[in-house]
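The two complexes that follow have chain A in common; it is paired with chain B in the first and with chain C in the second.
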Partner chain A sequence: MSLAADNPATGRSPGTFRRRLRAAEPYGYVAPGLLVVALVMLVPLAVGISFSFQNYVIFRPASRGWSGFENYAEIWSDRTFWLALSNTAKWTFWSVAFQLGLGLGLALILNKPFFGRAVFQSLVFLPWAVPTFLSGLNWQWLYNPLVSPLPAALAAVGVLDEPRNILSDPDLALWGPITAMIWWGVPFFAITLLAALRSIPSDLYEAAAIDGATPWQAFRHITVPFLLPMITITILLRTVWVANSPELIFVMTEGGPANSSQTLPNYVFTSAYSSMNFGYASALATVLMVMLVIYSVLLLWVRGRLGR
Partner chain B sequence: MAEVTLKGVAKSYGRTPAVREFDLDIADEEFVVFVGPSGCGKSTTLRMIAGLEDITGGEIRIGDRVVNDLPPRDRNISMVFQNYALYPHMTVRENQAFGLRLAGRAKEEIARKVARASGILGLDPYLERRPAALSGGQRQRVAMGRAIVRDPDVFLFDEPLSNLDAKLRGQMRTEIKKLHEKVRTTVIYVTHDQVEAMTLADRIVVMRDGRIEQVGTPEEVYHRPVSDFVASFIGSPPMNLLEGRIVAEGDAPAVALSGGPVLPLGPGHARLPAGASVTLGLRPEAIAPQGMAGPMRRPFAFEADITLVEPLGGEALIFLALGDREMTARVFRPPARLAPARGVQFLVDLAEASVFDGGTGRRLGDDGAN
Partner chain C sequence: MRAVTGTALWLVRLLYLAFALFPLLWLLRIALTPDEILYREGTTLWPSRTTLANFAYVIEESPFPVFFANTIVVALGTAAAVTLLAAGIGYAFSRFRFRGKSALMVFLVITQLFPIVMVITPLYQLLAPIGLVDTRIGLILVFTAFNLPFAAFLMHSFYEGIPAELEQAAMIDGCTRFQALVRIVLPLMLPGIGATVGFVFTAAWSELLFSLMLITSESKKTFAVGLLGFVGKSGVDWGQMMAAATLALIPPAIFFTLIQKYLVGGLTAGAVKA
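Up next is the complex of A and B:
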């Protein structure tokens, strides 16, 4: 019996058009923002993907044209691609795993009060402020036995058989950029996990202590469940960033020696700007993107199951 | 099943003392309430018994064990927190079972104990819910269930009702009382609410500035407060405290209120020296307009102005001006015609009066013979 809904004069429910218009109104306000996002993100993305279906080498403009899945077929039989893919997996996994472990450790330490905590805290967060290129150069020098004591120290503790540069060893070269990436990325984990730790109410720990929990059990049953959503989202972000970042490898090894530390983003970069093969580079980039999207969807699904 | 003994227990934060020389023996199955204004050290004392705070001095015993240096998990206590402190990622069932699970108890035993506690507290419909899906009162009950399942030696309650609305607070108060009747265990209960203290306690411990002000049954604390502080803290509305001076009237002393009448004191106060400054304490229900007063042992009549009447249904508060001071009277089953008026005849039962030292605030005289 609502008076607003029925119009006794016309006998039909009024203003269907006006109601639709009102429902559409918010979309009108959002439209300019969407347009900008589309222009700066979706259009370049579409253009990039379209490159991957073209034969597009900068210094052979005459031969440019659609080539179907030719680039993808070439990737399938490209040994460097498969090497770079396995290197990317190794590079990403070890970088993120150590960053998580060390970052969580630092966050737990910084969550307890101790003398000089404020100073220590800002020191911990410092690497994050260093430009990647700069830290890449620093670590490159650190591994150089002529200017740095690090190789000698590694040899002294038995990690290396003699003080030499691991960046020129095909078996170990990837570990150079990995250590640099760990050093550079730990603060991010430490910051986010510390914030998550501080949001856990302290009386839960008191309740657990009274319920009979040892410190380890309190960590296992209170801290971990509270941190888990933050941990998964941080792992997701860092995995995508680390997998996508070529800077440290480009600065420290350039993927060498002999592609032994080649990763996909670096391979994309060298394909585009050394071989000038934009079509092939775009196809590589598209493959990397698709894999990261699948990974992200999987991880978000897992997180949804955990956070239920 | 345990007594709790505190001997000279003290706590200070740096140089700031929070609790000093706290001595108390709590009997097995006793319900003891610590009450006092905020910052009086009552919660700190409770947390020291729980083991959540280190003690700076003294000795705490639970049963026959000195627990000074034992962590909370080895004291066999349970605690209900002000904010409930339920584990938000666990269901009601898991919250209650957590302690037993940590202790590695058998599954059937855990199920049986959780079922029993849930039955007592009426939690059965909510067992699979998370705390976020519960109301304040339900959460409070889960917190109590979690405390019961572990069969502790001592229950500790830290202002458990202060986050509930007034009506629910009353209900939960009754439930806690019933719970104690069912689960006979030693209870130590902290509150700043004197009504909770009066209704729940076997014995009340009134605290002030980190010290015990008075220990006694609710009746003792209410009728024979040891100081004007206890007198003003226990009871609602609080006891009327009137400054005056002792004068000799005939063979017995009397209190001359400044700008008011002279009230004769009983033989229990015979030794008070004339001229001493005192504070006279009168409970509001010991004062009533003539005609509305109940039976009084030593009635004394005086005239005062009614300035305001607050009807509360079954009772009413009457604010009266006597000379230059305000007093509150409480009458039961008030007539509808009660209204502000001048020169009304009042009766006060002086057998109910307390006399405190004007300087120290300590109770004076032995009024057992009043």
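Up next is the complex of A and C:
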């Protein structure tokens, strides 16, 4: 790296000024971007967290002031919070689990050559290019028995008792946004896992075949260990993105009917912009963030142990 | 046996294709269906008559062309700014060892955990006094910050696929590091730059919440907000809305189709080196 730092030909080291300049060089490359991130993300985040310790309702400016942990105490006894929390877990788990399963399957399919593969790849990746909320509107439409064959098809295979709209059924409503999320997110898993599959040296498989390994053994002992680091990092990213994303629920069910599909980010959004209670909304968001931090630390710790 | 597995594989491929494309085809089908038979022939696979009237309305009479132009400006501006800044961060991560590097990488991962819903209000209050609320520049600034961390990792992965010896040779020949970066490395990075631009363009094109909260004037709305306006209106015209949605899909679909194979290639290069 340091080409001229200690030039043996001249026997002189460059001046301290130039050495300092060279040491500062990497910071020059990262500084502009970091400045933008710090100003636009960190500062508002700190302000947002400070809201969570305040009594801050837009309609009642006179009563604004520090309130300690009052908002958090209120969360503890808020039944909608606990419902939204369990819905968020369900929404995130099933969305990510199906995306992982289908994305891995798709990556395995795309890793083997077949007729028309390039066209197939660009077509199956297309949902990722669809704006999230648009896929929400699209699926909302698809679940409407008046204008879509999907409910009838679901009834025909026995998933539904009759062709009706699952979005208005409290027991099933959350599955509407979940399917939209799965549909939209499978390509991201497929892209990252396909990249990981391509980076596995092919001579490993050749050696395994010579040693008489079955395809399943090769998959189990070569493919899976090579994929694991990429799988965990993709799961981590997708989990926090999905858990934090209110768009699909906001567009498709607005958390209803009767909060049955309410998730935390959507509850934060409605608390902030329908009830205009910014203090409470910020406390909810802080709780969500702390849980995601704990989850990420745990997952990275597991990844570190698996790597050894 | 081989023929059976072959057929089964094709069946699986076709199922994937149907799952990915059916919702999009349905979008197009609704957009092409004349209003008067929309509900009568709601569940048939293809309507007995089709019309382009919905598209004509959206292009000629609705404010969508303005929304469309706004979204293009914002998405391209964001993609350019993010790629430029990510090129710097990714380069430093790939080629330098420096104090605080791993802390910075961890910080960028942590930014992905921030709930967007929490920062919208504080951002509004910070941007309002400096005149950046209800402007396209303000939106570009916000999108840039939120897309930068992932893009920086993407660019890092692409740099890892390019041997450092190339620029070292150029520096021995008398180039400064910056000249070597601009003249030698970046031209080789074109697929990676394309992939990053495309990825960020797609994300910025789709953004809803910030656009909803930060933009108020009709003339500056992005199409996401405009489309949601359709839903809010009493007596939603689904055909028109779906026509607008179909048109809104075209730019990101083109962009993403062009770059998706570079995205896979670049991530592969990063994975080999890492």
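The criterion applied here is as follows: the second predicted complex is superposed on the first by the 271 of 308 C-alpha atoms of A that agree within 3 Å, B and C clash if a C-alpha of one lies under 4 Å from a C-alpha of the other, contacts with A are read in each partner's own complex, and residues count from 1 in each chain.
We take it that a contact is a pair of C-beta atoms (placed from the backbone, for glycine too) under 8 Å apart; a residue touches a chain by one contact, two chains touch by 3 or more.
Quick caveat, the model's predicted, so the values are computed rather than measured.
Peer 1: Putting chain B and chain C on the same copy of chain A, do they fit or clash?
Peer 2: Pair status: fit.
Peer 1: After lining up the shared chain so the two structures overlap, which partner does A:Pro170 touch, if you call chain B first and chain C second: first, second, both or neither?
Peer 2: Touch status of A:Pro170: no partner.
Peer 1: Kindly classify A:Arg198 by the partners it touches after superposition: chain B alone (first), chain C alone (second), both, or neither?
Peer 2: A:Arg198 contacts chain C only, not chain B.
Peer 1: Looking at the overlay, what does A:Gly15 touch: chain B (first), chain C (second), both, or neither?
Peer 2: Neither partner.
Peer 1: Looking at the overlay, does A:Pro257 come into contact with chain B only (first), chain C only (second), both, or neither?
Peer 2: In the superposition, A:Pro257 contacts neither chain B nor chain C.
Peer 1: Is A:Val30 touching anything from chain B or chain C once the two structures are fitted on A? First, second, both or neither.
Peer 2: Touch partner of A:Val30: chain C, not chain B.
Peer 1: Just to be sure I read the superposition right, which of the two partners does A:Ala152 touch: chain B = first, chain C = second, or both, or neither?
Peer 2: second
Peer 1: Which holds for A:Gly101: it touches chain B only (first), chain C only (second), both, or neither?
Peer 2: So A:Gly101 meets neither chain B nor chain C here.
Peer 1: Among the partners chain B and chain C, which is in contact with a greater number of residues of chain A?
Peer 2: Comparing chain B with chain C, the partner touching more chain A residues is C.
Peer 1: In Å, how small is the closest CA gap from chain B to chain C once the two complexes are overlaid?
Peer 2: Superposed on chain A, the two chains' closest C-alpha atoms are separated by 12 Å.
Peer 1: Chain A touches which residues of chain B in the complex?
Peer 2: 50-52, 71-73, 77-79, 81, 83, 85-87, 89, 98-99, 102-103, 146, 150
Peer 1: In their complex, what parts of chain C are in touch with chain A?
Peer 2: Touch list, chain C to chain A: 9, 12-13, 16-17, 19-21, 23-24, 26-27, 30, 38-39, 42-45, 85-86, 88-89, 91-93, 95-98, 101, 104, 108-123, 125-126, 141-142, 144-146, 148-150, 152, 168, 171-172, 177, 202, 205-206, 208-209, 213, 224, 227-228, 231, 238, 241-242, 245, 248-249, 252-253, 255-257, 260-261, 263-268, 270-272.
Peer 1: For the complex, which residues does chain A have touching chain B?
Peer 2: 201, 203-204, 206-214, 217, 221-222, 225-226
Peer 1: Quick one: which bits of chain A touch chain C in the complex? Just the residue numbers, please.
Peer 2: Where chain A meets chain C, its residues are 1, 3, 23, 25-30, 32-34, 36-37, 39-41, 43-45, 47-49, 51, 102, 105-106, 109, 114, 118, 120-135, 137-139, 141-142, 145-149, 152, 183, 186-187, 191-192, 194-196, 198-199, 230, 237, 240-241, 244, 246-247, 251, 265, 268-269, 272-273, 278, 281-282, 285-286, 288-289, 292-293, 296.
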